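First subunit A sits with subunit B, and in the next complex the same chain sits with subunit C.
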Partner chain A sequence: METLHAIGKDIPKKESWNKVTGAARYNTDFNEPGVLHAWLVTSLYGHALIKSIDKTLTLKFPGVLAVVTGDSMPRLIGPILEDRPPLAIDRVRYFGEPIAIVVADSLSKAKEAAGKVYVEYEPLPVVDSLKDALEKKYILHEDLPLYRRIKPDEIFPQPGTNIANQIKIRKGDMDRGWAESDVIIESTITLPQSLHAAMEPRNARAEIKPDGKVIINTSSQGPFDVKKELSYYFNLEESKITVNVPLVGGGFGGKTTPQLEILALLASQSVNGRPVKLIESREQDFTTSPGHLGLEAYIKLGANRDGMLKAIEITCQVDTGAYTDSGTKMTRAMAADCTGPYNIENVHCDAFCIYTNHTYVTAFRSFGRLSHTFAIERAMDKLAFSLGIDSLELRIKNAVNPGHFTPTNVKLNSSNLGNLPECLKRLKQMINWDEGIRIELANGKVRAKGLSGLWKTSSSPPNATGAAIITFNRDGTVNLNVGAVEIGMGIKTALAQILAEKLQMDINKINVVMEVNTETSPRHWKTVASMTGYMVGNAVLDAAEDVIKQLCKTASVVLRCPPEVLQVGGEKVFLKADPTIFVEQRAIACGYKYPDGSSTGGEVIGRGNFIMHHLLPMDPDTGRGKLGPAWAVGAQAVEVELDTKDYTYKILKAATVLDAGKVLNPKNAKGVTMGGMCMGLGYGCREASLFDSGGVRMNPQFRTYHLMRYGENPEYLVDFIETPQLDSPYGMRGIGEHGIIGMPAALANALSAAAQVNLDFTPLTPEAIWKAKRGVSL
Partner chain B sequence: MIPFDFEYYKPTSAQEAVSLFHNLRSQEKNPMYYGGGTEIISFSRLYQLFPKAVIDVKGIPECNVLEFKNDKLVIGAAKTLSQVQESNLFPLLNQCGGRVADHTIRDKITLGGNICSRIPFREAILALLVSDCEVIIENKNGIRKVPLESIYTESMLLEPGDLLLQFTVEKNYTVMPFFSMKKTADGDVDYPQDRIGYPLLSGVFLNNKGHIRAAFSGLCPYPFRSLKLEAVLNDTTVSPDEKLNESVQCLPAPILNDMDSSAQYREFVFRNTLAGALDNFEGVEF
Partner chain C sequence: MKFLDTGTIELLVNGEKRSALVRPSDLLLDVLRDQLGLTGAKPSCKNGDCGACTVLVDGWPVKSCLMLAVEAIGHEIITIEGLQNAPLQQAFVDEFAFQCGYCTSGFIINCHALARIHPKADEAVIREWLQSNLCRCTGYEEISKAIHSVLSTHKS
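This part shows the complex of A and B:
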């Protein structure tokens, strides 16, 4: 038999034709008669007491059925620490915080009537910065010690402060590290909060059937998490809840923790279970739903004269906004990978998760590493400058390698790490590093390069699972049903490729169920953390083994031989020793019919699962523990052309080399990586959530919050090296997030070199560079 | 989505539009002339505008002219910025109008709408301010033709019901050498490539037989042409450095300071731009 290869091929995404023709349906595209509409009334203040809420006019408004307020669910919620009311009660802590839900028989009536809810506020002092928060300008959560800790092994609030969590890493001997350091640099960086800005705004629809069954249709990365949390918050049996998720129009982490699902269900409860749709406007998606964290970080980094890193001290202050959501977990994730992809034996890291009156934050592509990498990589460039060593060589010299230990004391090997030096060497050629990092051109222009290393592991619960179900059609074609959500990264196609390779069949004959329905799809933790290919992919392999076993068993009866001598491939089951003796897959997948008409076998149904293993929580005092099964490493660079007269610049090139383990689908891997790079450059050069001193968001629209536009993109160079992760399907590593991680850092390093001034912040606007330049020069 | 109902009218003559306006106004319907609709839609959906009636002017023949008539360029107020751009009849107007918003939105925004915008930048007006533009307006007393500068100071000085029909510019202004530029907080806008954003500075310089005319948006709270500033720029007795210092002194209002940029940086960009433009003049190849 000829070997069929689905792995390593440029296979178009299965949903692409429907997407590019506009036929693909997203959650709010399903319209039905009788559905009610909800609109949120949200806070106009960054911090205020709610003195009263007057619903009189709204309730009189024609078409309005209900106005839901915080008293309908007087409890706090949160995935790690329960600190957030689903609807504000007595007090608002951020601009845009939901206060009431207006339910009406049309969207326009709900929206118009929402404008008639009169909320009386009494403004409170606004904690507008991390500095305000640490100086206790106002304690935002007086009841912090009373809040229920859902994950007690990872959340350590400090009562009487605005500190929701502190994570410590203590490794090695700091005194020795500093004593061995000939050069010590200090570096402080500041990064603002920003937005996910997925193309599809967040939305949810809820309905309670007369038999008590709750139906949720949502745009979510975690349908099973929605089910779990609704069951817990509303005291419902999980069997009474079904969550449907069709294609999702981008998530980037922002559609992970349930938020609108809870509000939609409250709205449906208020109208006797009738179906209610809640769709955020772009402004609400930008201000009411959670965003991306801000960070201030201080680093002290020491090395000997040869450039070997000896000690690092890190303080991270995460701006989690008004509530913690995933902010505490991202703080922990940053701490766990706190050295960046460099081997440092003496590490002291304190990472704080801090409340402010900014928008609360949730998971964002890279789960904090984007921000933390900026801190590390700026420090590495400063160290290289102080040592007089080439910054790329400094990174190669100190790159983590097999045999090293991570900050949390996980021993690294080639499988769980990959090969960073090789990534750096490939990158060096790709961007012609040797021509020099700063080249003066005519007209006062300067061309300069900057780079960044990166690494990331996942932060799943130690018992996170993935699963797969395979069924057959009568013609021998296959159906694959998994709980992974298609958020645009091509996961369904990747899983079909894994199955096609294993069953040695044409990928076009594998139908992947595109939607997720928690009633019929097997559970998957969440589609996050670049972990879906690893977790669900392993489950698909397990299910495929199960299928092969069943096919061979039936075929062994038909072909009159032991199952062990048989092999599956090309939609046949054949003798390994003589492929001309075979039975067609379609003849046995749904039961085999003997020539005399009698039957045997029955339906082949493959089931496979995967559960994380050997993960351990971090020790509260030292940080020892293991959060994820493996890392993916990489190196990135940016080349800019800066006009030194006015500090405008062009991004000429952006380059990435990732150790992908095994590239399943080269074009898709490049596409996903470039998408991440573009997002990282956008954050680096212009994106920031801007608040005035009252905590009011000043740029809550695309008109004022600018993303990179299509025509502004640089030339992208993307390449992969392949050091297999041995316990992952075909050796692949999760790289969905990684394109974003080092981009802001590489941009800042390039612009710092070009402008010859330390640029330790984003967004790197021409004005910001001009201001830095007017300060102290390098 | 606009959360409230409103009446929509599409008259076919200017007189009909004006009388509709007064009629609706007497019924307290807060009528508005509707061109591309981008602002009416954006502000209404945010509860910042509440017209109970809109009068679409795109059906009025005079508002849809775009051609040279007897050595005069006539542009109907309902012509979109894209149509003006594609016609290429007035390259300076193409450039400053062609940098507003993005292509999709310029397919909607009309020239009249941009010039009467509530968002203060109104970049298309810059080309008209330096080219002795005349404006044709219909109101209940009939039609009138006035110089643009007579009805524009910080914004268009129109009476309720005044309907902008057309802008006219002498042909010789459309062929004069010029220089134009726009910078946003994110950087340069390289016409015709889009870069979304309000201007830190959008500037036009027209070389009228050796005499510079200039107009700016984004620098002060409204677009302006300053004769005083032009006098400085054209003064051959002053050194380039002095020209920059004096220019900053004759701005009509304090420099804008907002979330896009500080006033100090705007001043820096303004000085750089003037220096660049003056350099351009030196070389004549403007």
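This part shows the complex of A and C:
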């Protein structure tokens, strides 16, 4: 039999034609007569006491059915630390915080009536920066010691301060490290909060059936998480909750922790369980729902004269905003990978997760590494400059390699790490590094290049699972049902490829269930951390094995031979030794009927699962532990052309080489990587959540919060190397997030070289570069 | 003058006459989606900033969040659902010019109009047109390839 290959092929996404014809349905595309609409009343202050909420006028407004306020759910919630009221109670801690939900029979009435809710505030001092927070300008959570710690082994709040968490990494011997260092540099970086800005605003719909069953329809990356959390917060049996997720219009981490689902359910409760839709406006999506963390980091880095890194001391201060949500977990994740992809034996890292009156933050593509990488890679460039060593050579020299230990003391091998030196070498050629990193052109223009290395592992619970169910149609075609959500990365198609390769089938004959329904889809932890291909992919392989076993068993009866001599492929089960003796898959997948009409076999249903193994929580004193099964490494570069007269610049090229383990779908992998790069460059050059001194968001719209637009993108150079991860389907590594990680750092390194000044911040606007050049503080 | 709360209007959408019960302030986008079931045009900013809601009005791309339904009376409206096997749809599939797909209807409609109105568009024109749409997932290269592939078939 000829081998069929689905792996390594440019297979268009299964839902492609639905997406180009407008037929693809997202959560707000389902119209239903009689559904009620909710609109949020949100805080106008960054920090204030709520003296009173007057709903009289709103309740009199025609069409209004209910106004829900914080007293309807007087408890705190949070995935790691319970510190956030779903609706503000007596106090608001960020601009945009939800205060009330107005439910009406039309959206326009809900909106108009929401304007009539009168909230009386008493403004409080605003903690507008990490500095304010650390100087205790105001303690934002006086009850911090009383808050329930959901994950006690990873959250260590410091009562009486604004520090929600501190993670420590202690490795090696710092005194020895500094003693062995001939050159020591110090570097401080500042990065603002920013936004996910998925094109589909966050939204949810809730309904309670007369039998008590809760139905949630939501745009979420974690349907099973929504079910789990709602069950816990509302004290409902999990069997009483069904969560449906159709296609999701972009997530980037921002649609992971439940937020609007809880509010929609409160709204539905207030109207006797009638269905209620809650759709955020763009402005609410930008201010009420969580964003991406800010970071200030200090690094002291030492090396010997040959450029071998000897010691590093790092302090990270994460701006988690008003509440922790995933901020604490990202703080931990950046600490765990704190050296960047470089081998340093002596490491001292303190990572703090700090409350401010900014928007609270949640998971964001790269889970903190984007920010932390900026700190490391700026320091690497400064060190190279001090040592007079080529910065790419410095990175190759110090690259993590098999046999090294991570900051949390995980021993690395080629399977769990990949090959960073190879990525750097490939990158070097791709961007013609040897022509020089700074070239002066005519008219005061300068062309310059900058680099970044990157690595990332995942941070899943040690018992996270993935699962798959395979069923057959009577014509022998296959249905694949998994709990992974299609957020745009092409995961459903990738899983179909894995299955097609394993069953040796035409991928067009594999149907993937696009929607997730927590009642009928098998559980998957959540579609995050670039881990779905690994976790659910392994479950699909397991389910495929199960299918093969069942097909061979029935076929062995039909073909009168032991199952071991049979093989599945090309929609047939055939004799390994003589493929001309076979039975069609379709003849046995739903039971085999003998010529005389009697039958045997039965429906083939494949089931497969996967659970994380050998993960260990981090030790609170030293950080020893293992957060994820493997890393993916890579190297990136940016080439800019800077006008030294006005500091405007063009991003000419951006390059990425990732160790993908095995590229399942090259065109898709390149696309996802370029998307990450574009997002990273946007963050590097212009994206930032801007607050005034009262904590009011200054740029809550696309008109003022500028994403990259068509034609502003550079020329992309993307390549992959393949060092297989042995326990992953076909050796693949999760790389969905990685395109973003080193981009802001590479951009800052390129611009620092071009402008000949240290640029240790984003956004890198021409004005900010000019100020840095003039030595004016920002 | 009498203030009309709601009234029935007739719209010409994708070649069909459709009637809708609207308020004077209803957006074309909302009426298309909520009353006519044409949910291909997407709301993302409802502020004219992103282009996800783009439809054709008399052949020109218009952000349907910036147009009232009543303003569309007497005009010919084409939504993404009205495009059948347009070269741009094939090009978007072939070039992998979308990930989540939420911006796609708007991009395709805009590209489709561009290819008709400026079949020989140069880079500057393409840029000017497509900068009115946002995509958060892709890095725009695939969208660029898709529009170029269609324009070059026009050129040859």
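Observations
Operating definition for what follows: the second predicted complex is superposed on the first by the 775 of 778 C-alpha atoms of A that agree within 3 Å, B and C clash if a C-alpha of one lies under 4 Å from a C-alpha of the other, contacts with A are read in each partner's own complex, and residues count from 1 in each chain.
Quick note on the criterion: contacts are C-beta pairs under 8 Å (C-beta built on N, C-alpha and C of every residue); 3 or more make two chains touch, one makes a residue touch a chain.
Everything numeric in this text was worked out from a predicted model, so none of it was measured.
When both complexes are overlaid on subunit A, subunit B and subunit C end up sitting side by side without clashing. With both structures placed on the common chain, the touch criterion links A:111 to subunit B but leaves subunit C unconnected. For the three-chain arrangement built by superposition, the Cα-centre angle with subunit A at its corner and subunit B and subunit C at its ends equals 40°, in steps of 10.
With both structures placed on the common chain, the touch criterion links A:223 to neither subunit B nor subunit C.
After overlaying the two complexes on the shared chain, residue contacts for A:570 are found with neither subunit B nor subunit C.
Looking at the shared chain after the overlay, A:711 reaches both subunit B and subunit C. By the touch criterion defined above, A:766 lies against subunit B but remains apart from subunit C after alignment on the C-alpha atoms of chain A.
Taking subunit B and subunit C in turn and counting the residues of subunit A each one touches, the greater count comes from C. In the superposed pair of complexes, A:79 makes contact with neither subunit B nor subunit C.
When the two complexes are overlaid on their common chain A, residue A:19 makes contact with subunit C while staying clear of subunit B. Following the chain A superposition, subunit B and subunit C show a smallest Cα-Cα distance of 5 angstrom.
The interface of subunit A with subunit B overlaps its interface with subunit C at residues 108, 281, 702-703, 709, 711-712. Taken in their complex, subunit A has these residues touching subunit C: 10, 12-13, 15-26, 28-29, 31, 108, 197-201, 247-252, 281-282, 487-490, 667-668, 671-672, 674-675, 677-679, 701-703, 707-713, 716. Subunit B meets subunit A in the complex at residues 1-4, 42, 45-47, 102, 183, 185-188, 193-197, 200, 259, 261-262, 265, 268-269, 272. Of all residues in subunit A, only 107-108, 111-112, 115, 281, 283, 645-646, 648-650, 685-686, 690, 698-699, 702-704, 706, 709, 711-712, 765-767, 770-771 touch subunit B in the complex they form.
Residues 23, 25, 33-34, 37-47, 49-50, 52, 79-81, 83-84, 89, 92-94, 96, 98-105, 108, 123, 126-127, 130-131, 133-144 of subunit C touch subunit A in their complex.
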